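Heads up, there are several structures right after this.
Consider the two complexes below, in which subunit A is the common component and subunit B and subunit C are the respective partners.
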Partner chain A sequence: MPKKKQKILLLLAGGTCLIDKSGNVLSVKEKADIHTWLKSMPELNILADIETVLVNGEDDIVGLHTWQEIAGIIDKNLMDADAFVVVTKIDQIIATALSLNFLLQNLQKNIIVTGSQVSGSNFVDKKELISQLKAKHGGLGLRTNLINALQATRQPLPGVAIMFGTRLIAATKAVYRCDNEINLLASSDNSYWGRVDFGVNVRSDLTHNHYPTAIYKNLSNKVLVIDDWPGAPWLWSKKDMANYQAIVVKTSPYQPLEPAKQKQISAWALPTVIYNCQTVSPVKGTVAISGCSEETVIIKTMWAIANQKQLGDFDSIMQQNIIGEFN
Partner chain B sequence: MGVNHMRLYFYTNEFINNQEAKEIVSHLKRAEVSLFSNLSLKAEAKGFSQDQPLDKMDALIFQGKKLDPKISYLVALVLSQSKPVLCLIPEGTKLDEAWHILQSDSSLSAKLHLEFYNQDNLEDKVFGFLRSLDSGSIKDLFNIKYTLRVSGKLADYLNWKAKKLNTKKADWLRDQIQAMMAQDADYQKFLKNKFVSKN
Partner chain C sequence: MIIFTPQNTVLALTGLINLAMGIFILSRGQRNRVNLYFSLVTLANFFWTFSLFFWYLAWSDQVLRLFSGLPYTFAWLVVVSLFYFTINFPYKSLKYSIFFNYFIIVVSVAIVAYTTFFNKYFVRVADLNTNSVYYDQWGHLIYSILLILLILASIMVLFKKYKVAEGIFKFQLKLILIGVLVGTIFGCYFNLILYYFGGFKYDWFGPIFTLIISIVVFYFIYSSKDKIHA
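Entry: the complex of A and B
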């Protein structure tokens, strides 16, 4: 008995650039563009029944509000769609996937984020890259990424995934690493949920998480991210800090934060995360995090601060393995 | 690899007593194309385990009655790359709705070859498709790289000739080969019979 076609909700938030059959670059800047854009990929129709929602135009800024809106739309459509595919700009793919993973935890439906290799409808600065991709790969990767993403939605995944090039990557593991012309993203530990060869081969041991579903609406944009350079002073006053709810400090792995900076953190009295991917020296009054990606720490802080009333102790939440970020 | 540079992926979703699939594979092997198939997993794993191996195929051949998610995916992917797909459907089979969807789009229908077959014409259908590939635009693309070692004398001649004709050495060599090929009666005869069925 053949499986029925899946009903997919396709959410567009930038990253929609593709080359049509006549060689023109198409993207979705406004709702009116969707019809022509979808029509240029008629092959998608045999894979799924697709309903499309425009969240952001190609030239709009993708950020916190976009991620909250996408999460809200997915939440509203949980019962109606079999799975969700989000298209967004390549430079925002990881943050988008992580935001959705923290906002929509343990769903029993798949969310896959993908996009084109090129973003933005001004092509003057990207002319050369577009010509190269067109000549070598016949397009900007979106068609293939979308087809692969639609296929990957058929098997249960434990969290939000990114489909790009030949790789299906857990959002929590994704890092920007250009291994070749089509794989611009990689898994930090080289373990993948799936790979593309003569099909999308998703690992057979994966299942949806069986923990209770938890849906959150908000992320906080009041997180200050400091990329610390030893010897370079921090010139913010306590007054400057009044605008923030939390701080993430990216530090070097093998030397502690300078005493003056430790004093500043103490005086600011804000929830503070000290982060380094490999290892981090603890600082009194802060939570030290390592062993996960930088994007994960930032998005997790944005989520934990915005939902602090519901979640409780900030330090404890930051150290918990919420979406598999420490796996 | 066969004498033919064509790389084909053959997929069937009928695995029990599928004599026709065996015949198709046999015809394709006889045509000396480089064949990959879901019937022989070893071949899949051998040369193309990474980097989107389907990208490296020139065409897809499907044989079966029903579209399942896997073949829908393969057809969608190959068509999205503007490469041809031959679908061999047993005579008397009711066509899936999806085929109609694809056929209704002019850009896809040109690449999608839907063929109903019976025992008597299966070979013709396969070879007909191979002929269409062989005469298609992909075969005219200068996309195969050769490293050619020549003597100093030949190099001098190539340089002199290219300069005299104000052309590139590679272009001149290509033109020479094209002219030789067109005038080679034996080769033209070989081409004529290359994909002719035994029947």
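Entry: the complex of A and C
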């Protein structure tokens, strides 16, 4: 009955805070911290053979370069590891998972992103939250999230997933919604890939995608995201726009974009996405997108712009269902 | 002969609930060790309960002897499955060598053989006319010590896990620990300790308490509102 232990590559990019046996908060700021950090979770090495890679320290900024680096490391280790677990900051979990999903498409290995409820090694401002979580839930959630993530890697998943609290969520469906103190993330349609009820219960009908694997290296950071408020003018000139390669405009669902703003968009002549999660009024010369999460649209734009040469027409790529973002 | 006396009705219902729970949990995925070991616990509970059920219906001395030994066989299997369940719930928390596994298997085979195939050495007297059953004192004592040791080991594993657990696991382990404590304490009292002193009158009480852990598991599964079906 004993199965071969899975080889898991654990990538650390912030979100590593946990409370050890003696009540101290531990996190991984540098490579030297990894040994003590891992030692405080002996269960992990019982569940899998773990190899750890430090991508970012706890206090480093997680962003586009981190995501690209993580994708590169995963790509390099595809043959060696059975699955990949990425630990990152709670506020970057969705963006990290989506970036990996767009950069590493249709892999035949699982990637699960998780993290602690608390990030950053300066605990003064989080003292109250930490003591509250410790008293009520016995810790900051990372140990549980990691154990669940490791267990969830045993079943095939169609894309990158997020394991947080009691939920295994498809990256494309994940939204920040604090349903209770344990679950800070939810699925936009309330349907999950798995949940923790009696053990980790992953949907049995899930399989890896059978489309050809596609690996991309870059995301573009030259995407301007505008949160439009009707009546508030856009004060950017064409010169300001020279620094950008694309624009994402978040609009209201039932009002068209004001004519002056439509004119500005056509004057800027940049690939532009008009987005609202419910519905959106089309604007000439732009791509209107609804029915997916805000983070998905932004990350997809960053990916589509960075890989335009390879992908071709921006508008049609943005409207295609690449990683199940429109499901 | 009345088959469904109040005692037998309770035993039959308890057994059937355990059987249903075992099949239900197994249908959730037998590759998952939590599901596998828990369904083994409930299926062994089913057989234990039904061996007690048939003890009440014994129609000859041989049958009485058989069904005086079989509850011990299945009770041991319940506790072995429970032990492996506690190691694996909600995640595997203990590394054990293959030799430990062999040791458990050898002890289990010995106990099964002793209480089933060589039960004349275990059940010294089984007399239907006087409705009396006497167990070999040493055999019963050694069996009881082994069973209690394994139960204590299971409780210790759960307690150690509970102490370091956080979030959902802390809550779940607390409920499972309560279920296991209540189930094993009352199970041992009514079906081991009272037996030792010749008290068979209340043996149908023991299996009822095994239902607590099933109720707890049922609660875990159905209290979650998150949908996971396609």
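Just so we're on the same page, the second predicted complex is superposed on the first by the 326 of 327 C-alpha atoms of A that agree within 3 Å, B and C clash if a C-alpha of one lies under 4 Å from a C-alpha of the other, contacts with A are read in each partner's own complex, and residues count from 1 in each chain.
The criterion applied here is as follows: a contact is a pair of C-beta atoms (placed from the backbone, for glycine too) under 8 Å apart; a residue touches a chain by one contact, two chains touch by 3 or more.
Only a predicted model underlies this, so the values are computations on that prediction, with no experimental measurement involved.
Overlaying the two complexes via subunit A brings subunit B and subunit C into a clash.
Legend: residue contacts after superposition of the two complexes on their common chain; A:46 is shown touching both subunit B and subunit C.
Contact with subunit C, but none with subunit B, is seen for A:167 once the two complexes are overlaid on the shared chain. By the touch criterion defined above, A:16 lies against neither subunit B nor subunit C after alignment on the C-alpha atoms of chain A.
Of the two partner chains placed by the overlay, only subunit B lies in contact with A:180; subunit C stays clear of it. Of the two partner chains placed by superposition, only subunit C is touched by A:205; subunit B is not. Once the two complexes are laid over each other on the shared chain, residue contacts for A:143 go to subunit B and to subunit C alike. Put subunit B and subunit C next to each other and count what each touches on subunit A; the higher total goes to C. Legend: residue contacts after superposition of the two complexes on their common chain; A:153 is shown touching neither subunit B nor subunit C.
Once the two complexes are laid over each other on the shared chain, residue contacts for A:190 go to subunit C alone; subunit B is not touched. Overlap of the subunit B and subunit C contact sets on subunit A: residues 2, 21, 43, 46-47, 137-138, 143-144, 147-148, 150-151, 154, 165-166, 182, 195-200.
Residues of subunit A touching subunit B in their complex: 2-3, 21, 41-47, 137-138, 143-144, 147-148, 150-151, 154, 165-166, 180, 182, 195-200. Contact residues of subunit B toward subunit A in the complex are 9, 36, 38, 44, 48-55, 66-70, 72-77, 79-82, 98, 101-102, 105, 107-108.
Across the complex, subunit C is touched by residues 2, 19, 21, 43, 46-47, 137-141, 143-144, 147-148, 150-151, 154, 165-167, 182, 187, 190-205 of subunit A. Every residue of subunit C that touches subunit A in the complex is listed here, in rising order: 25, 28-29, 31-32, 34-35, 38, 89-95, 98, 164-170, 217, 220-221, 223-224, 226-230.
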